[in-house]
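In what comes next, subunit A is part of two complexes: it sits with subunit B in the first one and with subunit C in the second one.
So, the complex of A and B:
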């Protein structure tokens, strides 16, 4: 049973290995540094040439040199970057280099196992339906390769040298047959209540809202048209376009350049009250992975579902960073931005604090305008918004700002986007004695008519300000004063302007997004709770490991029974040979004329007798006999028998005279 | 370490087979043809199968840990494919028919060329089958609804009925994750002729009563023609004369009649049992080659004078079957 121990790969086997490596690494290409990608691609092509030429192992020192050089390159280009990318680079390098020492069937099989791991890694980083389908296809390819490896014998012999690809159909059938079992296992396999080890190591690599903001931070996000969040309304109405805000982290602290959340307001105190009578909205929020804790919700979420925390300023946070697609059922009050904030003295102080020694001109301006407004906060705010609308320009290509970022923005560049406006506005508020805080999140979104839900993309990321007027936090979006149409920026797919040529593309994109959402809801969200809900009708109240283990054992037993039943059915004698069936049919037809075949007669004797009794059918009968003998004994395959069967079916025995019947 | 584990697994298997005689390969030799049915096929994971299982389990733990549904799907899919591989491996063996087993007799020391004919009647290609006997192994495939003759060259040591023992037909196809095997214990008797002496005295002739004298070589010149007798070697047939006479005529060599030889075991008193058999074997072959009629007298049997392949086989078989000294 040590088959595969010393068995060597042939050229075909080595090429299979190369194919597996390429297939398993393809999802990682985008994450590899271009230089590394070129080097690995060259190494890969080199190995292909070696395999094709039938060159065996390269020398150990050459391999060692290669390993050293490639790993050196990995450290060089990925050393400073995200550990995730470095890990992927190492994995890819190892897989490609492993090709250079894969000469035995055993190595090839190990390589197949590593290829599976590589696919797993890709899926941990990206759970899209497309990648999942790809991973299953490559898994099938891996099994096709395993099939090829299993065909190798000692001395690179093959049991079927010419068959390629070996058992393609059987492997495809096996893959299809594996799908129902996969689905059953997926539904029934018990999930862990919590991670066994730190689950935060794997980052999705996605960008998301940070816990802080400084001018320029969101720029990358604003040109990213991928979906960040989806909202399906369950009850209530979506706020109109001007008020459609997903409220992310609220930033309280400003250090002259950077807004940050700082220490979040203590959670034990009750959240800021919602104005009475605000309409409610119930919805499902599904978030793409962001590696962050923030769960941007519509206006004011009323309660935190399991696994989330609700801060005092009604910011929802997840306990674990969101590294995979997650969905939450939320209820919010549509406050239009207003939260009642009987802010404590310390909160009020925090919302007024400005760092000393920054932005002197802005602060002076704020004080002057406030006094000119006679202390009327609303009038002061309107004047600033008017100023923004008249003298400022919305542009993603904002010039960089110096040390006094707000002064630079307000008095020299006057060009920027939401971050600049929110930051400058909040500083102007605080300098005039109006408590203010910056909020980041998403704004706008668009409705997908397919599936009727709302899509927020990264390009919908936004920053705005909440100011405390009286005892209410009021949402003020200074960017809207400059560029009310800003939501059409970078929204190639969502913009109403781009119909026509882009119509089809847009519809396809919407369809794709809808499929992604269904995939999230149906599969990616399937967790412990959904499992319990699904199994309750089956009489399983508490899905404990023991009961599920029992269920899975039951499934395996059932599938074994099905498997063996199929084998036994296949093992039954095949349908009788067509020639024999033709002969039996002829026997029945002639039998009706009293000419049935006697046990002692061979086919020729019988036909001779029948032909004598039926002179009119003589030629046909002898033809049948000849064809029967040929089909049975000449070894021409199944065709002649089937043709004979068809001919006998069509044959009408002649009406016989009494005489010939009597003669018989 | 590996030897130990193999020993252990063999021991466990043997114990199991003693407990379940119905499943056992230790059952009595059986006659061919036979079908590899469900009750005589064993399946176990291969070493790679275990590696695969451990890998998938590790992947599963990772996927569970990150509670990642699509990673879980990949794991379950791989596991389900592995599960299907179990049946596929079983099916690769199941229903195969072992039609016949034969081998031409060889002399001890020469490899016995075992030919085993297998027949597929269920319409599935059977890939990567392996037939083992001891350390000898052959790789073959049987096409759907086809036949395949597998050859195993098995070394022989001793004359006599060849103890074929147990053949093992195994496959780890299609995926190498599981190995299915079945034991064959065919009752076909295979004979190994004794090893002839490599260098020895020439053929004795019977001159006077019971005396062994060295034979003169048989004259090659034909003295006359006689009726062809069964057993005459081909080269003795007088083809031209036969064509003229319209019946087969054999050349009568000068000494053919007189050089009838009787090979006697008892006469070789100076040698031990096996050496006598070896010498007799050589003489039998020599006599056959020289086209002479020869008789064989060994303990327990007397073979009257004769000639030809059948006679040769009879003599060699008798020598092969002689009891051990």
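So, the complex of A and C:
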């Protein structure tokens, strides 16, 4: 152990450590149990006070007691929950407790390593650009701290705090030196097909489209203006405002209150025809994590790319839940609202089923109006839509509905949003004998002029109805009948939640979203397919992780060699005079006999010790010492040092294992 | 060969003889004797903390005798006044003028016995004189003679009725050492031989005040290399990082270390300082200057030794 390793940390060093711990743990705060957060915060503050008052160590038994108590608390509050949260809690606790045993530079370096590990852990759970930027900042801070710890070593002058920006610059420069290697590793690191750490990463409770719907379900979504999906058109044109739908789960079954999907629909065998000649549109869809399987595609998706399947409802599903930002290259047809999809008899029956004993008034009304329309489905539909347009209001603050939810909505509250309208409309259709199903997804979206792509937010979540007229499922959006301004203006501005977000704030929001998209595209979406595409021109076909690991190991070894060579050639020679190098060399040679110099040992003390152990080499050793002292302490110039280096290089220590044992 | 470490250039003969003579009187304590001469050659002062009867006075007396220095002894008591040390101005009738009667401090080697029995006022009067090397009374400066060496003793056990020197005053002393009991054979010789006092009386001066000044000048010429200064500064910096102390070593301590290390090298017959010189005088120079925190339980000398163990030399 060198003397530098055993050096004590000063107060500045201890404050550095506290800063690193706080910075590294901040991303985890939200996942920690409040009680644990309070306890760790108290421990942290306590350590700060101790550092400030210059109290060094606390006793080992006190530390042990603390560790036991905190770990007990972790088990208590996180024991039953997700193992991931428990793990994070343990990590956070250990990091805070580590502060209590950090007194030496060596401990502080270890602490810096743990802080990096904690940041890495945070990035596993959240790969957003914001967190990455934060991690980068904290990592820089950690490097700065390591630099500062190095100043604590012997022979170094502690730089004054005034020199802080200079340290920052040097730190950044040395970090830049790591950039090429980082880029190489990024490209070469083996990517697994599919996410690395399965489901359950996304916070539960944060969901997109649920796959079922009862009154009030979407409300949470409709006030959430975070981005849900982005669409970049590659070929073709984006459908116009009235037809810009992202198609999500289709709901068939109604139990009087809740619409649900029922059994998952089978895979679509050969993609059945959309209206022939419908214009096609090729686009990239990138989805924010939802922990769901849905891949809401534009209008009528035509085929499923790898990893997805297209079901008979013409809905794209992913085999794995979407737990990270994922992108898909998709092709859709712009149908203008009519899907050709001949329904089987059983499907027709499902699309007509209504639970017995619910909503008697609505069903009576439907029968009456249908007969008044003379069995003309279109006339009946138009009449209902007119009624909605005249007597109903669109409002997110919809009053709660009773047992007969559709009756309540149609005859008493007459206020609601898409899901109320869709549900009521579908019931009215079915009651009149027209097969109908509810479709959920997103509608509207707005174009980000920066980067020219479309953003759909959770607040764009929507529900509409498809009715089977002849052989075609025709899209009817009853909500649109009520609130045309929502379709034309409201969604354009991002729905009710973002009303009034004009000007600078909106531009900033758009810029931020564009940066996030580029980040996803460039970094997060770099999966094994893109990796293969990139490596193929280099002659690496069908990369296996074994080959990649080998390649990485090779690169690491090579860069280590280059780095060492640079240190030995460039970094060291001018700083160290010949005498010191000779001394280090002599230390290594004598070290083989167990006679290496202790860091705090002066030249004559060391040589006396070595000479006593190696009587045969006494004269040479004293000769070395005299030259060394002459060069370094007697002020006789550099010449003796150079002679010494030559002499030490030539010198072979006597081979006597007996002596080395005796010396030890 | 440029230099020889095994057989260093010989120490000036008279100095060697003086040391040998003192060692014959103060048996079995070569380290203490060496420190006394280092204090003399580095123009510092020496504080000996130990029990009565281990030879503190004998040491001071012997050094004074062989060095040919004028010697005075002050026994500190609680009623000792500053003027008892420094002297007084007395109005003389014949000349109709005040005339300064110098006190015992006007000497070349002063033994301040049991300095912690004196009142703080008296202690500080002496310490000021030690630091300034002059005495100011009634607006008049009276320079002390050169060389001027104070050897003070302090009894660490007998605490009743004492005024321990405050930490801030302790660093007026270049070195602070303990004597310790002599080993068995040295004690045996002491018991066999004639009375120390008679031996002391028989001592003949080997040096003189002017010779001592000459030697002091030569010690000042001892070479100190940048590498050694690096090591010295590392030690100072490390002391300022110790969690157990409220304040690390002052620049004055650094100067003291350097002067003492030069003297040590000179006594070893070298005209340049090695890290080993610094290490040899480090604990006596440093230990009494470390101001410990109330909570620290470590002994100052232990702490100083730990510093030595933690700071690397000649790191490549």
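In this section, the second predicted complex is superposed on the first by the 375 of 664 C-alpha atoms of A that agree within 3 Å, B and C clash if a C-alpha of one lies under 4 Å from a C-alpha of the other, contacts with A are read in each partner's own complex, and residues count from 1 in each chain.
Just so it is clear, a contact is a pair of C-beta atoms (placed from the backbone, for glycine too) under 8 Å apart; a residue touches a chain by one contact, two chains touch by 3 or more.
These figures come from a predicted structure and were not determined experimentally.
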item: Partner chain in contact with A:604 - subunit B first, subunit C second, else both or neither; value: second
item: Which of subunit B and subunit C A:365 touches, first, second, both or neither; value: neither
item: Subunit B versus subunit C as contact partner of A:185, first or second or both or neither; value: first
item: Touched partner set for A:339, first subunit B, second subunit C, both or neither; value: neither
item: Contacts of A:468 with subunit B and subunit C, given as first, second, both or neither; value: neither
item: Per-residue touch tally on subunit A - higher for subunit B or for subunit C; value: B
item: Touching partner for A:432 - first (subunit B), second (subunit C), both, neither; value: neither
item: Which of subunit B and subunit C A:581 touches, first, second, both or neither; value: second
item: Which of subunit B and subunit C A:632 touches, first, second, both or neither; value: second
item: Where subunit A meets both subunit C and subunit B, residue numbers; value: 2-4, 152, 154, 157-158
item: Sites on subunit B touched by subunit A in the complex; value: 37-38, 44, 46-48, 51-52, 55-56, 59, 61-81, 83-88, 90-91, 94-95, 121-125, 127-130, 137, 139-141, 172-177, 179
item: Contact set on subunit A toward subunit C in their complex; value: 2-4, 6-10, 54-56, 103, 152, 154-155, 157-158, 576, 580-581, 583-584, 597, 599-605, 607, 622-623, 625-627, 629-630, 632-636, 640
item: Subunit C - residues contacting subunit A, complex; value: 1-6, 223, 225, 227-228, 230, 233-234, 237-238, 240-244, 246, 271-276, 279, 293, 295, 308-316
item: Contact set on subunit A toward subunit B in their complex; value: 1-4, 105-106, 109-110, 113, 116-117, 119-120, 123-124, 127-128, 131-132, 135-136, 139-140, 143, 146-147, 149-154, 157-160, 163, 166-167, 170-171, 174-175, 177-179, 181-182, 185-186, 189, 191-192, 195-197, 199, 202, 323-324, 523-527, 556, 559, 563-564, 566-568, 570-571, 573-574
